[in-house]
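Multiple structures follow.
The two complexes that follow have subunit A in common; it is paired with subunit B in the first and with subunit C in the second.
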Partner chain A sequence: MKKIILIIMLIGFSMNLFSQEKFISKTGHIWFYSKTPLETIEAHNNQVATIINIKTGAIAFDILMKSFKFQRALMEEHFNENYIQSEKYPKCTFSGKFVDFPSENFTKNGTFKTVVEGDMTMHGVTKHVNQAGTLEIKDGKIYAKSKFNIKPEDYGIEIPSLVRDKIASSMEINVEITYEPFIKY
Partner chain B sequence: MKSIAVYILVLLSMTFKSMAEDDLLNELDSTSEPETNYVSSTFKTTRIVTGHSIESMREGELEFRISHRFGKVNTGVDGFWGLDQSTIFLSLEYGITDWLEAGIGRTTNEKTVNGFTKIGLLKQSSGAVNMPVSVSYLATVGVNTMSWDNPDRNNYFTSRLSFAHQLLIARKFNNDFSLQLTPTLIHRNLVPTALDDNDIFALGIGGRYKLTNRISLNFEYYYVLRPTWSIKSDYSEPLSIGVDIETGGHVFQIMLSNSLGMIEKHYIAENTGTWSNGDIHLGFNISRVFALY
Partner chain C sequence: MKRKTKYIIIIILLAAIIGGGLGLYLFFKPIKNFAESEAELTLTSKELFESFVKDQNKANLEFVSEDKIIQIKGKILEINFNPDKTSTILIEVGNPEGDISCSIISNDFNKARKCKVGESIKIQGQCTGYQELINKEVIMIRCGIVE
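Now for the complex of A and B:
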């Protein structure tokens, strides 16, 4: 009898540790934007995979570069072939955590301003980044939003001088994710 | 008994403890489903050197192309090594859908108006769906618009027509190297003599090697099947080498070839120059892509 209770406790414990610990999205929306007098560049990725562990405040992003869609097919081809070289560097990844954000905040409804800090790897270059964003927690879901700038040169992306004026010196990156509880079976 | 149980419990709970940040990324990776990765940019533009490549315009894109071939290098000083003579092919090709394009052009040779369509059949991919090659079908029709040699003879309009059918089979081996096989059938409605063939089969092979992100070295050769009973013809196989330079919206192709023609009937079936004789033509193609949407 005692053994049965023990086994039930064990299973209960292990399952408890998993419930509502992680929040995930596989359809995260990230888009980048650049505007110069010569050209407007905009691409959207609606298949961003990202996960948050609310107990540790860790956050990770897994972005497939080929999933960035442009309105102009030729621009998309050049982006993949010449700039981001997606065959050589297919993914952009980010691994970091929320700074000074107690995990209790994740469990109550509200809007919070946060800062995320971690390592971003893109085009074979890893940089330590520190960006601000907002988190809205509502009814068991987490809505994350962020807007920041990146310089293509920081990640080794070569832009030939002939077309340099067509691309802004820093690209505006927008992040919009709806996280849902990650239930592992 | 109880202490052991508690000990085991604590141990177990520790192994199930929340993972480190890196493991979080790995967890994302493991949950992703296998995707199909379609190959893009097998060649920099719609032509390898003179012949068509597997590439075609996407929906709503228009390519304007100027193809130019100079005369033969063996004309020496007098002919300014070929630069005195020029032959041109101006063409437009438009993407009706991502896999269907239509084009029209006109070349100086026999004042031919050339219409064509390129249909994408298979696309090379890896991942969930594995396809080793990309395959397209090219159909062209050429109309010789020169005035008749002998106006008193009963001349038919259909005599002006020639057709070319090609199957473009290409593979992008890696980021730098692509190869294409092009089985070809050329049909000429009217041929010069009874001993000439109306139907000519050929097998083309062409490829490119990327030197930098924007510059590639291309080559092209067509093996033409001439039946053994035909008279020893003056025709020879076309062999070309060229360089592609891509600069954003333009692709410049500069080449050396023993063929003067720029449509299939001329450069494959009716090529008379040979490299060994110095019948080498310097030429270039300039193409510009416009997005019409």
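Now for the complex of A and C:
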């Protein structure tokens, strides 16, 4: 009798593992570079909130712009006050899905390339984007990596001609996230 | 006449030196030391969290816009270590649906390693806002562990 209960409990437990739909991270790392011959500017955000639903293939990001850390106070001030206007537009959000979503890939260990497509809102401007990235599934965690470029002008961010030489026309964005199964709080 | 020109040149030179100096100072001005300077505002994790839940805009103006050094007191909910020697400590807010996420500077990595879940902690840093994609979360960066 005890054995049967144990077996039922084990089956229940393993089913629970497989039914895990949502994977989250609240400590996602997103950083960007602006590279010009005159100056390289770099800023990091280690507290990106993001969620993947492996059943539907949906993916979403919530990024607080003020959490980007620069090397110098003036850069940070310009970024927050003049360019991204973080007081008026505190967040960058992305909501989309994996294209050609192979849901079975998410349940076994392995690495594969994928494309994410969806709407990104930044500085009050929403754009439909698609970006390539790599996913590694390892021991119940999802490791996501991506690297792409964004032009500030596409999001209505104007860089004055006086500093134009010091700020790249295209920012290199890097994304590195470790997703863990979501346990309801 | 000659004397006047001399004065004008001196004044222009002085203005250039002061202007240039101010420019250089602003350019190289370091980031405020949120982790180690004297705190400008002290409150409990619950008070900070509730302010954001109640009125996000008001809380943003009060805690985010002015870049104040904010010190909070609360219980540790979770500790995460990042590959770049920074760590993230989540603080309880008396509400199971929320927390305050504090990113700890690399200088305090060893202090963070000694912390234990459930312990009481004092952390100070810069508050950057509120997000609610996963749960309700107030974000703090450049944090130092006070005790």
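A few comments on the model shown:
Definition applied: the second predicted complex is superposed on the first by the 165 of 185 C-alpha atoms of A that agree within 3 Å, B and C clash if a C-alpha of one lies under 4 Å from a C-alpha of the other, contacts with A are read in each partner's own complex, and residues count from 1 in each chain.
We take it that contacts are C-beta pairs under 8 Å (C-beta built on N, C-alpha and C of every residue); 3 or more make two chains touch, one makes a residue touch a chain.
Given the structure is predicted, the values throughout are model-derived calculations rather than measurements.
After superposition onto subunit A, partners subunit B and subunit C are found to clash with each other. In the overlay built on the shared chain, the residue A:60 is in contact with subunit B and with subunit C. By the document's definition of touching, of the two partners only subunit C reaches A:29; subunit B does not. Within the superposed three-chain model, A:46 lies in touch with subunit C and out of touch with subunit B [touch as defined at top].
Of the two partner chains, subunit B and subunit C are each touched by A:73. Comparing subunit B with subunit C, the partner in contact with more residues of subunit A is B.
With both structures placed on the common chain, the touch criterion links A:20 to neither subunit B nor subunit C. Shared-chain residue A:87: touches subunit B and subunit C both. Across the options 1-9, 19-27, 73-81 or 109-117, subunit C meets subunit B in a clash only at 19-27, per the superposition defined above. When both complexes are aligned on chain A by C-alpha atoms, subunit A residues 24, 26, 49-51, 60-62, 64, 66, 71-74, 87 touch subunit B in the first and subunit C in the second. Residues 2, 6, 9-10, 13-14, 17-18, 21-22, 24, 26, 49-51, 53, 55-56, 58-62, 64, 66, 71-74, 77-78, 80-82, 85, 87-88, 93, 95-97, 118, 158, 160, 162-163, 166 of subunit A are the ones that touch subunit B when the two sit in their complex. Contacts from subunit C toward subunit A in the complex involve residues 26-32, 60, 64-65, 80, 82, 84, 86, 88, 90, 96-97, 101, 103, 128-129, 131-135, 137, 139, 141-142.
Residue ranges of subunit B in contact with subunit A, taken from their complex: 1, 5, 8-9, 12-13, 16-22, 24-25, 27-29, 31-32, 35, 37, 40-41, 58-59, 61, 98, 175, 213-214, 246-249, 289, 291, 293.
Of all residues in subunit A, only 24, 26-27, 29, 46-47, 49-51, 60-62, 64, 66-67, 69-74, 76, 87, 90-91, 182, 185 touch subunit C in the complex they form.
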